[in-house]
Amino acid sequence: MKDLKNLKIAYIGGGSHSWAKNLMVDLAREEAICGTVSLYDIDVKAAESNARIGAFLAERDDVVSKWKYVVANDIEDALTGADVVVISILPGTFDEMESDVHLPEKYGIYQSVGDTTGPGGIVRALRAAPMFAYFAENIKKYCPQSWVINFTNPMTVCTRTLYKVFPQIKAFGCCHEVFGTQDLFKEILKEKRGIDAKREEIEVNVLGVNHFTWLDKVCYKGEDLLPLYREFIEENAEGREGTDKEHWANSSFAQKNKVKFDLFCRYGLIAAAGDRHLAEFCPSDWYLKDPETVRSYGFELTPVSWRKKDLAWRIEVAEKLSSGEKQLDFYRTGEECVRQIKAIFGLGSFLTNVNLPNRGQMPQLPLNAVIETNAYFSGDDVRPVVAGNLPQGVLALVQRICAEQEMVAEAALTGNYELAFQAFLNNPNMPLDIKAARELFDEMLKRTKKYLPYYEAYVKREKA
Amino acid sequence: MKDLKNLKIAYIGGGSHSWAKNLMVDLAREEAICGTVSLYDIDVKAAESNARIGAFLAERDDVVSKWKYVVANDIEDALTGADVVVISILPGTFDEMESDVHLPEKYGIYQSVGDTTGPGGIVRALRAAPMFAYFAENIKKYCPQSWVINFTNPMTVCTRTLYKVFPQIKAFGCCHEVFGTQDLFKEILKEKRGIDAKREEIEVNVLGVNHFTWLDKVCYKGEDLLPLYREFIEENAEGREGTDKEHWANSSFAQKNKVKFDLFCRYGLIAAAGDRHLAEFCPSDWYLKDPETVRSYGFELTPVSWRKKDLAWRIEVAEKLSSGEKQLDFYRTGEECVRQIKAIFGLGSFLTNVNLPNRGQMPQLPLNAVIETNAYFSGDDVRPVVAGNLPQGVLALVQRICAEQEMVAEAALTGNYELAFQAFLNNPNMPLDIKAARELFDEMLKRTKKYLPYYEAYVKREKA
Amino acid sequence: MKDLKNLKIAYIGGGSHSWAKNLMVDLAREEAICGTVSLYDIDVKAAESNARIGAFLAERDDVVSKWKYVVANDIEDALTGADVVVISILPGTFDEMESDVHLPEKYGIYQSVGDTTGPGGIVRALRAAPMFAYFAENIKKYCPQSWVINFTNPMTVCTRTLYKVFPQIKAFGCCHEVFGTQDLFKEILKEKRGIDAKREEIEVNVLGVNHFTWLDKVCYKGEDLLPLYREFIEENAEGREGTDKEHWANSSFAQKNKVKFDLFCRYGLIAAAGDRHLAEFCPSDWYLKDPETVRSYGFELTPVSWRKKDLAWRIEVAEKLSSGEKQLDFYRTGEECVRQIKAIFGLGSFLTNVNLPNRGQMPQLPLNAVIETNAYFSGDDVRPVVAGNLPQGVLALVQRICAEQEMVAEAALTGNYELAFQAFLNNPNMPLDIKAARELFDEMLKRTKKYLPYYEAYVKREKA
Amino acid sequence: MKDLKNLKIAYIGGGSHSWAKNLMVDLAREEAICGTVSLYDIDVKAAESNARIGAFLAERDDVVSKWKYVVANDIEDALTGADVVVISILPGTFDEMESDVHLPEKYGIYQSVGDTTGPGGIVRALRAAPMFAYFAENIKKYCPQSWVINFTNPMTVCTRTLYKVFPQIKAFGCCHEVFGTQDLFKEILKEKRGIDAKREEIEVNVLGVNHFTWLDKVCYKGEDLLPLYREFIEENAEGREGTDKEHWANSSFAQKNKVKFDLFCRYGLIAAAGDRHLAEFCPSDWYLKDPETVRSYGFELTPVSWRKKDLAWRIEVAEKLSSGEKQLDFYRTGEECVRQIKAIFGLGSFLTNVNLPNRGQMPQLPLNAVIETNAYFSGDDVRPVVAGNLPQGVLALVQRICAEQEMVAEAALTGNYELAFQAFLNNPNMPLDIKAARELFDEMLKRTKKYLPYYEAYVKREKA
């Protein structure tokens, strides 16, 4: 039997000091499990900084579980013997992301996030998938029985890549966007009924793909909340900002849920991700036509310059933490990672939403496509529940993104960038004709070429 | 919001004084819900007897929830306003069952139970399905939103009929056979590790159809129990009786799990039902060839005469209970029905195995076939988890029974008894040639004809 | 055995004097079959005119098969005893079509045909489907064993409706758009190889839905013609008009195949319908953004005024033919209807493309969706061949239209026009926001209301 | 374009002088194609003998197409440049087949053929699949674009192996069993209607797997022949031997079609293979219980001693032919191989039944399973038609054999003979318990061990 006081977690990435810190906080407060976290980052300084923060933690009295944080020599060192692997990387740097997001603007294409779909998301996936292929190969070699948790975007293509390269991998992808919608329902319950519910009490059935998830059931203590939601939308025709500032997505990136409400008016179904993500999966005429349209729907085009500033600030904080100048605050992270790990090791089964290959949970979508639904976590098992069917109108939008993601994953791994260009042309946020689109695509690839293993061959073929 | 102190449960059947009593005991001890149970049975005396037992219960001090038990005037009265409908009937009487089970013996066909498959199970289904069609029509009319729980065998055909007649019905079927295998694992854990586990802690993944269910995962606190099981089988080559006498199936019907163990040797997979049921789904050469073979596998051919005696005894007890001569004992029923009802009304989500139409939970089996897998019970929702795939060898056996059940359900509802005869000929426990098989089939139908709405037409067609 | 000299064909519609004339010409020249054509049209005059034209034909010496043309009293009279039913109607009049096609132009929405998809196609389908429901009910009643051939647009929704209402119907839909692409290949073979091929010798594999069909194989005497096509496109960057004027679609409606070529550049697959149709299935940015874009792709927005003029001219011709002033010219029709009828009655099996419910021929698309692929015609049988898979990029476009058609068929038959509005909003040629789209939708419905059985209820609900 | 006067056919096997001779005769009489046949056989003498027979043929005046027959040096020589590869081998010798067929008789298991399923068929497949893996690897290497025609049994497992090893292979399997049933219908038409039909005019829809094929449509010139067949069976309750002696299967192996008729009585569907094959797919109680039962159904258990004698005789004839002592007779072979080759090279498309991976032609069966249905042969294309669904009763039998074949193919290629033993235990002709079955299985493997690449490892594992 597994010794739960001596687990090994391999943490790949973490240089952004965001997800890693969340995990540290949650591990420190959970007494049922203990062990070592092996930190692996191509930015060695970031790994060292995290290790020092971890060391300070272990000395504190208010910590119920003292984990050992070590910097791995290499990926073999990190993975060997790992029970759990957490992957949370930035594919490339914010310079590449700047090109992903802002170069298309010169062609009149606006993206609110640019990390999942659209021109930016597609090119980011071409960069990220080869990295995930590398992780999968090494996991197969050094810890094939480990559980792998992915936090990296583009979530779907990255997780799909893990399974394409190592089909027996026990991997799933985690994202907290759906939590934001559960929080919105908490607010609705509070406002309209005076009830203080917990997020977990808002039971939902989740269908779709990451960042384009839908709910066809929202229930509180057996009561269907759809009628309440309908009422709330009618009363908030101009949108409504979330008030629960605890959740990072609300505090940092303003949005008024107007896209979410508009989609409800279209389909009678609740879109579960934030507006900035939802908009990117729809025809550009709807929400992303131009900055005015974006503004009229009450959300923002997040500039990458903001992300750069934010990162600088986070590094500054990390330096203080790792030098002992500052203590880590035990905030409520809102994440479920530690609870998931516990369930997998036999400490409390539960249901939550994650990204997994389709094995029947959504019979309308292709088998093996990575999709997001509820899954039941129990001993050595993460098993999707049957989420059922989407209505035809939403289905058409979801099938499109599934096709795009399959093309892009295939393109990234085989170097068939023509296939990626097909996806690029097919994207709903692509108003250009073939010639202009090719120009943009080529320029975007060029700017990210150092992360593209097949770039030279592509350029050569194109010239021929 | 639903008033949980004022629920209405319609109870159809209950004349056998077995399931009804279990429910009464469990309701009496559950304080979270309360209300009325409306009893409907074609045997009005049985319903009245149950109502009186219920009335005595309500007067007791040691009862935390006082339910009102009333006898319904008719099915409309029972169903109108019902939140939950429980169906637990005997299709026909034990006289018909006697013909189902023992007539084939004259032709050299032996059946260990005869209520699910085989000649007896098929004819029983022809009798039961029209009754369930009648229930479904009335549920559609009087309480279409209610949750319907079926305990009646043949479980699969009965539940399938409910959905065939009223596709929007919210019905599921419950059976405790899988619990027996969880109990066996409790014993193994106790014997080999000295651990006292609870049944719920033995986490299993369930696949198959009722009474022919399989487990491809058995886990205790994150530990895979398969190696232990393999060891246990090697040490118990001659089988091993269960020692936990609390579970009725063990106490009444002796079995040594030798069929279960033999199936494990064949497929490396754990058969989850009791041996008497399992045997009936396999080629007769394996376990049911003749009484000697049966004996060599350590189980019994349950004679219907025993069932008649047992029923007489249960009626005797019921009379004492309903006259106040005796008090109802608050035994541990081992059933989950009340817990399921609570979950549906928002009081505690959980996972258990039930019978539901296939919506993707087993992609190898036809959509809509009623199959048994785990499902997650939550507010107004019973949602199957993806159970995955059976190995090819077991799959072939399960596909056969799915085909049989589909044919029989169709035959029973349309009166196309030729289709039922096809199923009869195809059954693995049917060694006869067409002529002899027809003779047996016709005689069996004749003896149960008063429950067959299309019998006259069948006889007329055959004579023509 | 069927008496092939005494067949009965029921012809529903035919007032446009186009398809009916083609059939008359082909029947007159085919000696293997003979019989009666029963003409049924709500425009009785048109039916009478066709009957007179038929009578003149029967008197001619150069006719090898003398058919009897009679006007049916009613639909019962037309269908009773029919071996074949041909349906070729105009759903509504050109006044309704004018509203379908040109009203959206006021909102900046341009449609090149407007009879299949887009705002116009959707509203036309709402009109047509109830008519086809009526036909299906009567075919079920009066000639359930007959073969039903549909020529009416929207082809897919009309044929789907026949199957939704009478699932056992033996119906298929015929369209000659694919023939046009085979003709283009004939020209390519002639130009580049000096070969005079026959249309039937250009073997193709057809995949998709009507008017949005694709070819992934084009073969002449065992040679793959794709490389030739690629060459041809490179040499004709500015498009190329078809020169074979025999085919009506080429002679009447100019197009340069630039859309077809552009789609080939996108996907490497041959789009098989004409450009005017293809454009309507793609995001409006691509080919239908505005009249300039349309012009730049070398095709026309066919105005309904042209159709009205053309119809007047055809009626004029019909009058001359039916008065004997003019003789019917035995032109080559290019249609396959008579050949299909012969095959069904055992006179020559062959392969051609038709519209049928999906029974596995395209595993990526939903079962029962009406799709267009090759099918093998033989005695009493029209059996689709497995067409295989579309590449992901094209698949996404085809899945979208399948979803639209399913929604619209459902909406038309149940009166759930909200579902049709969902489809309307989801159409790639719909740049409006919900409010403006609703205004347009409501105005379009209003103008066609006399053909909408559920219109009043819709208006009432909306006001409420 | 392919030069049809200069084709290369690689012929693998041919030592039995049966299929090879048929091909030679048919090629000699077909003037549209010409070229070289490269003969490769592990029995070099047999290949040389065939080459000499071919050389004599080329000198004859009555031959319209003069092919060159050469003996290949090795498989590389045979395959390089091949347009078509024909595979017709005996996996092992008749000594191994003797063990396959007759060893089980000692355990009371009777097999009528023993080359497809049952204990004999399973062991034969273990022997054959590694040979086909070798062929597939070499075809991939030396002629990946060639068309591959397999005549070898077990047809399904051999063809499945080709696709498992080289998924892009263009292979299909040919068998003439269905032709025999078409011939039976010719006789019925002759006897009951006085009509002389050609085999090709008996249009059939074929469903199932090789040697267990079914027809749900038999049509002559548009007339459904099922009623005639029903009549014929009633008049021939004791079976009826075929009178058409031209077809080898009828002349050599007596059978009375009583199994075929009995299956029709069970399912109302026409079993299309010969009785000796059909019997082996059914529970042994039905037709193979013991020699008396076999006799009562009017067919024979073909002893392998007969095959040995027959082979000796064929070799004798071949020697005379190859020495010039005797001339090859231009008999009607009844085979379609040359017609298929012509169609593939653009010379006449047509429909016939072949064995192909399931790509949707039978939606009830697993994708990729090799199944037998009609397919349309045209330029560089062999495309299955949608065969539709089997009735549930037959489906259960067919699903079982599909599962067996998948297990055996997997076992043979991976060396997991435990999986093959599972299939062995699951076979309907396996009445033994696990222990006796293991004894038989081990003895059978031992006798064929020189053809089993993983035999030593299996024995070692078992001892451990």
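Letters A, B, C and D mark the chains as written, and numbering starts fresh at 1 in each.
The criterion applied here is as follows: contacts are C-beta pairs under 8 Å (C-beta built on N, C-alpha and C of every residue); 3 or more make two chains touch, one makes a residue touch a chain.
Because the structure is predicted, anything quoted here is derived from the model rather than measured.
Peer 1: Comparing each of C-D, A-C or A-B with B-D, which pair has over half of its contact pairs in common by residue number?
Peer 2: A-C
Peer 1: Which one of the chains is farthest from subunit D, going by Cα centres?
Peer 2: A
Peer 1: Averaged over CA atoms, how far is the centre of subunit A from the centre of subunit D? Could you give it in whole Å?
Peer 2: Chain centres of subunit A and subunit D, defined by C-alpha means, are spaced 53 Å apart.
Peer 1: Report the inter-chain centroid distance for subunit A and subunit C in whole angstrom, where each centroid is the mean of the CA atoms.
Peer 2: Computed from C-alpha means, the inter-chain centre distance equals 45 Å.
Peer 1: For subunit B, write out the residues touching at least two other chains, lowest number first.
Peer 2: Answer for subunit B, listing residues that touch two or more other chains: there are none.
Peer 1: How about subunit C: which of its residues touch subunit D in the complex?
Peer 2: Per the stated touch rule, the residues are 1-2, 203, 205, 217, 219-224, 344-347, 349, 351, 359-363, 367, 374, 376, 378-381, 383-386, 388.
Peer 1: Of all residues in subunit A, which touch subunit C in the complex?
Peer 2: Within the complex, subunit A touches subunit C at residues 262, 265-267, 283, 285-286, 364, 366, 391-393, 395-397, 399-400, 403-404, 406-407, 422-423, 425-426, 428, 430-431, 433-434.
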